[in-house]
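Just dropping this structure here.
For reference, chains read A, B, C and D in written order, and residue numbers begin at 1 within each chain.
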Amino acid sequence: MPEKTYLQALNEALRQEMERDEKVFIMGEDVGQFGGCFGVTQGLFEKFGEERVRDTPITESVIVGCAAGAAASGLRPVAELMFVDFIGVAMDQLFNQAAKMRFMFGGKATVPMTLRMPQGAGIGAAAQHSQSLEAWFMHIPGLKVVIPSTPYDAKGLLISAIRDDSPTVFLEHKMLYGVSGEVPDEAYAIELGKADVKREGSDVTIVATSLMVHTALAAAEKLKADGIEAEVVDPRCLNPLDKYTIIESIKKTNALVIAHEAVQYAGPGAEIAAMAAEEALDYLDAPIKRVGAPFCPVPFSPPLEKAYIPDADDIVAAVKSIR
Amino acid sequence: MTPDKKTLVHMYETMNKIRMFEKKLQDFFAAGEIPGFVHLYLGEEAVATGACSALTDKDKITSTHRGHGHLLAKGGDLKLMMAEIFGRKTGYCLGKGGSMHIADLDLGILGANGIVGGGGPLATGAAFASKYSKADTVTVCFFGDGASNQGTTQESLNLASAWKLPLVFVNENNGYGISCPQCKSMAVTDIADRAAAYDMPGVVVDGNDVLAVFEAVSEAVKRARNGEGPSLIECKTYRWRGHFEGDACTYRCQEELDEWMGKDPIPRFEAKLVESGAVSKKEAAAIQDRIAKEIEEAVTFAKQSPFPDPSELLDNVYA
Amino acid sequence: MPEKTYLQALNEALRQEMERDEKVFIMGEDVGQFGGCFGVTQGLFEKFGEERVRDTPITESVIVGCAAGAAASGLRPVAELMFVDFIGVAMDQLFNQAAKMRFMFGGKATVPMTLRMPQGAGIGAAAQHSQSLEAWFMHIPGLKVVIPSTPYDAKGLLISAIRDDSPTVFLEHKMLYGVSGEVPDEAYAIELGKADVKREGSDVTIVATSLMVHTALAAAEKLKADGIEAEVVDPRCLNPLDKYTIIESIKKTNALVIAHEAVQYAGPGAEIAAMAAEEALDYLDAPIKRVGAPFCPVPFSPPLEKAYIPDADDIVAAVKSIR
Amino acid sequence: MTPDKKTLVHMYETMNKIRMFEKKLQDFFAAGEIPGFVHLYLGEEAVATGACSALTDKDKITSTHRGHGHLLAKGGDLKLMMAEIFGRKTGYCLGKGGSMHIADLDLGILGANGIVGGGGPLATGAAFASKYSKADTVTVCFFGDGASNQGTTQESLNLASAWKLPLVFVNENNGYGISCPQCKSMAVTDIADRAAAYDMPGVVVDGNDVLAVFEAVSEAVKRARNGEGPSLIECKTYRWRGHFEGDACTYRCQEELDEWMGKDPIPRFEAKLVESGAVSKKEAAAIQDRIAKEIEEAVTFAKQSPFPDPSELLDNVYA
């Protein structure tokens, strides 16, 4: 299979869906000729023209709302916010409008929009350009939340998100854009809500998302040296959440560690831990450990940022505290 | 642009329909039969009627928390609306939405909206979809004087203009956002003056004159269909009731209310119709009777309809 | 002690703090002569004048941001959003500005603002006027989150929130405004971050917040009839969270049920459950149960809304499933 | 309002300080010594300098992602800024903020801001605090052409006007929001025309003429101090560099850049100063030398300063 970066995989998914379906269009700040702040939409403007690859003013509320309105009117918008951090000015259009429209209207609206947003720290972009906000989106009934960790998943899940008839938030990690992996040339869809076991193991389950999947895999290699075999489960979607795969893994390993880059307190891992404490407590023989960012904004200076982002040693330490 | 007789009669019907519908709700709310809030449109009937009369069935609207008038004017079904407001399973939203969330996508109604300024961004999307699909349809975005200060509204005006969308912003300036008079919420007198900030035409009309509204909106719709982009029409009007039913309205004086009640848009229009011979007094009375009957039927339908069953709670969250 | 409603208690707290400190002022939509949508600010405009009790346009971003800017400039604003549901248009000013300013500026800004917001379902106000969004606020480092359940707590906590030098979100439940209880006439402060045991019991710990404290107390009475003594712990603040009191209770009862009105999935209870599954697992002899709203927007019609809001029977059932 | 000699010299110093500071950053960024993003202010020096020269030490500003110029013009300390941008513990924010979050509350600087349009609401709060405390201070809110489309900006303009706040909105129209030219993001040509939507004065000035900026802002500041409310000053200018360092800038053409580089605000101002006799060529050169030295000192200070220690991570989250 050809090797592609996460970024190329996303770009290919966009291109192929736009070729397949005329109703698909792209909108966002600098997504046109500029190719998107991180380059995800590069070349699409040239290929599809400015009707279908639309630069917007700096107007996030209207980016999200325009996508929702266009979706409810029969199109399939793929909107981009340049950084997930900017959702604060647009949250209403996402949670009160796009996500609720179908329910409020008694099922009579269909809102097939995808909202792509880069997340995460690692480039020294500081407090307002580095956050991971998936926990907020998980708490919104009516939305789906997709958070791919590999190029293969990125392509297949983005295609599914675009084809899905519900509003979907698609969270990319900026430190993953350059990561390579095998990606088929043809279009393919990965079902939303199916976890993927990225590594099999018998001693502890590590549920990890996005960039932390890679960190968890690195941790698993370190743990292996100490005779601990970790199973790394990547939910890939946080809503719907594949509880089944997680619980099956816990049944096998009897221990759970959860790793994400979002702030730990009231973060995405809280739900996974709570779910396990309710539905799989009998299979757990040790406390559930979470590894997430500490309770502070993302700091700027490199040594602070490095300390902020959970690393493989943090995951190893969490596992070792229970194994 | 003078409307033909059919249109004139339809306008008259619509205004009366809204008036009687809202009066019914006023009574039923007072009697405790309607859950939640209702924001009545009494006194403002000419705005929705005039604006929607300038639209075809395929055109679209976004509405507000004070949406019954818009929905009825765009063709909303009396029974389905009444049942929804009564919280019944047979309502537009299966009882899930209520007064503030009624929608009928088939009629181009993208929904009432509980968020002030919430409709603007959605309207840009509806209008963009028309343009993208070369569908020749126009979207009207209704919004209040209060909503004109919300950033989402201003962003919507900007995008619509930058993208030359087929969108008409109809501002219903009833002088208040809840208790806040316009003069306290903004320094300008005419909201239409804000159009210039987006390089679009801005027009002030008498919002209690249905023909004036119709004319101004028709003009804007023509512009929009011609690909010339959006317009902003400010309709000066007044709400007769409190912000919501139950509001004691201590922030306004009786004289102001009396003055505006004197400008009741329905008799004004009726007088014109009768004078011009478009409708006779008798025909007008017959129309009123018919509508009163339709509304009674809607009430009966609503009241006889079952409430939704708790087992339906989780339906319709996802497509 | 005199009996007052929750609403009167809040009103009294505002009045007393405004009398005590000239820097305290109130801003929000219709908070002036109108007295606030629910009446919380009634009489304050008449007493303190329009300089200090300020009606704003419909402009939530600027309400929050103006409060943050004024707080950073030395005042002590108490801002109101009419419904918590409107935070979607103002989230940026809350989470990226008010909450982060101090950290980003290396400790050089102090932002002593309080943001009051009514929450909750129960009045048929439907999907955009009935939510409980405390989980979002918990996930924001730099904010404090207060969520009182009784008139006594409401007054003492609001006074503390106003006096606190950090930005504080103060979440009132609209179904509590009419609830009465004993409230001293004089001003008093309740330390932020201290839970209150609203009922002692030995068989199960029910951690409940806001309106659900009352529901949990009703459930406890029902359980008592079946010989189960529930301890009801009200954290009162969700940040800082009084883990100590919760864990001490779990040590005694060995079982945990969490009840809140927010949507259960990724809700506030997830953090409490996760915390317990990490720090008190050895004391738990049964799965942790959560009782929260189902995964849908708040419905309008009374029978649906009733089904949506967790009730005493739901809590009883959760307890019985483990006791 | 002609500034006195001291002010003129100070302006000249400030413009040069910004210029040299930014050039230093350009070099160090290219050399990989600066973490994160930097958005340079090169070419726009006259705006910040002219505007801040119209303020007293007690007056306040809110800034943007492109904030170095504003901060320096408001008196920001070179060493503390440089150290912050280098991520050092001795920086303004102890290394926690970086380029986009530098603040100095004591100097009335409420912070650079990473959120486009984020400063407007904060500026209303700062201005309101002045008014509430009868402090006779004025706040300047800097914002870009792109930011003028963000709803928060428009809400801030509205509140400032409705409340007659002592606030001056200084729009830096450099023609682009990242790659998006003004003509694609809005239909109007002059952002100053948006002032009328809020019933405040709106003025266009040559943003590369420091005296023109100074004069217009001084006028607005006077109005503000007199309790007459806010104004909007649009300063037409251009950024010489890409949006951020590393931006290849393929969306603009060389001719446009050349044209604007020909309007370099510093030699233009210097020529005036020399011509009027306010500063001799020799004095100008001496000023430049002194500033170059100060900047070298700031660089040395920054580079010799330690990075923050990970143990400090959780400090300063709460008061």
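The rule we apply is simple: contacts are C-beta pairs under 8 Å (C-beta built on N, C-alpha and C of every residue); 3 or more make two chains touch, one makes a residue touch a chain.
Given the structure is predicted, the values throughout are model-derived calculations rather than measurements.
Touching chain A and chain B together: C, D.
Distances between chain centres, each the mean of the C-alpha atoms, put B farthest from chain D. Inter-chain spacing, taken between the CA centroids of chain C and chain D, is 40 Å. Chain B and chain C have Cα centroids separated by 36 Å. Remark: chain B and chain D have CA centroids separated by 45 Å (rounded to whole angstrom). Chain A and chain C have CA centres that are 30 Å apart.
In chain D, 93, 95-97, 101, 113-115, 118, 149-152, 155, 158, 162, 184-186, 317 are the positions where the chain touches two or more neighbouring chains simultaneously. Within chain C, residues 56-57, 59, 61, 85-86, 88-89, 92-93, 96, 103-104, 126-128, 141-142, 295-297, 299 each touch two or more of the remaining chains.
Taken pairwise by the contact criterion, the protein chains are fully connected, each one touching every other. The touching residues of chain B, counted against chain D in their complex, run 149-155, 158, 161-162, 184-188, 193-194, 196-200, 229.
The touching residues of chain A, counted against chain B in their complex, run 25, 51, 54, 56-57, 59, 61-62, 64-75, 77, 89, 92-93, 96-97, 101-112, 141-142, 144, 164-166.
Of all the residues in chain B, the ones that touch chain C in their complex are 35-37, 87-89, 93, 95-98, 100-101, 113-118, 146-147, 149-152, 177-180, 184-186, 250-251, 307-310, 312-314, 317. Taken in their complex, chain C has these residues touching chain B: 29-30, 32-34, 37, 55-61, 85-86, 88-89, 123-129, 294-297, 299-308.
Interface of chain C with chain A (complex): residues 61, 85-89, 91-96, 99-100, 103-104, 126-128, 135-136, 138-139, 141-142, 239, 262-263, 265-271, 273-274, 276-279, 281-282, 284, 286-290, 295-297, 299.
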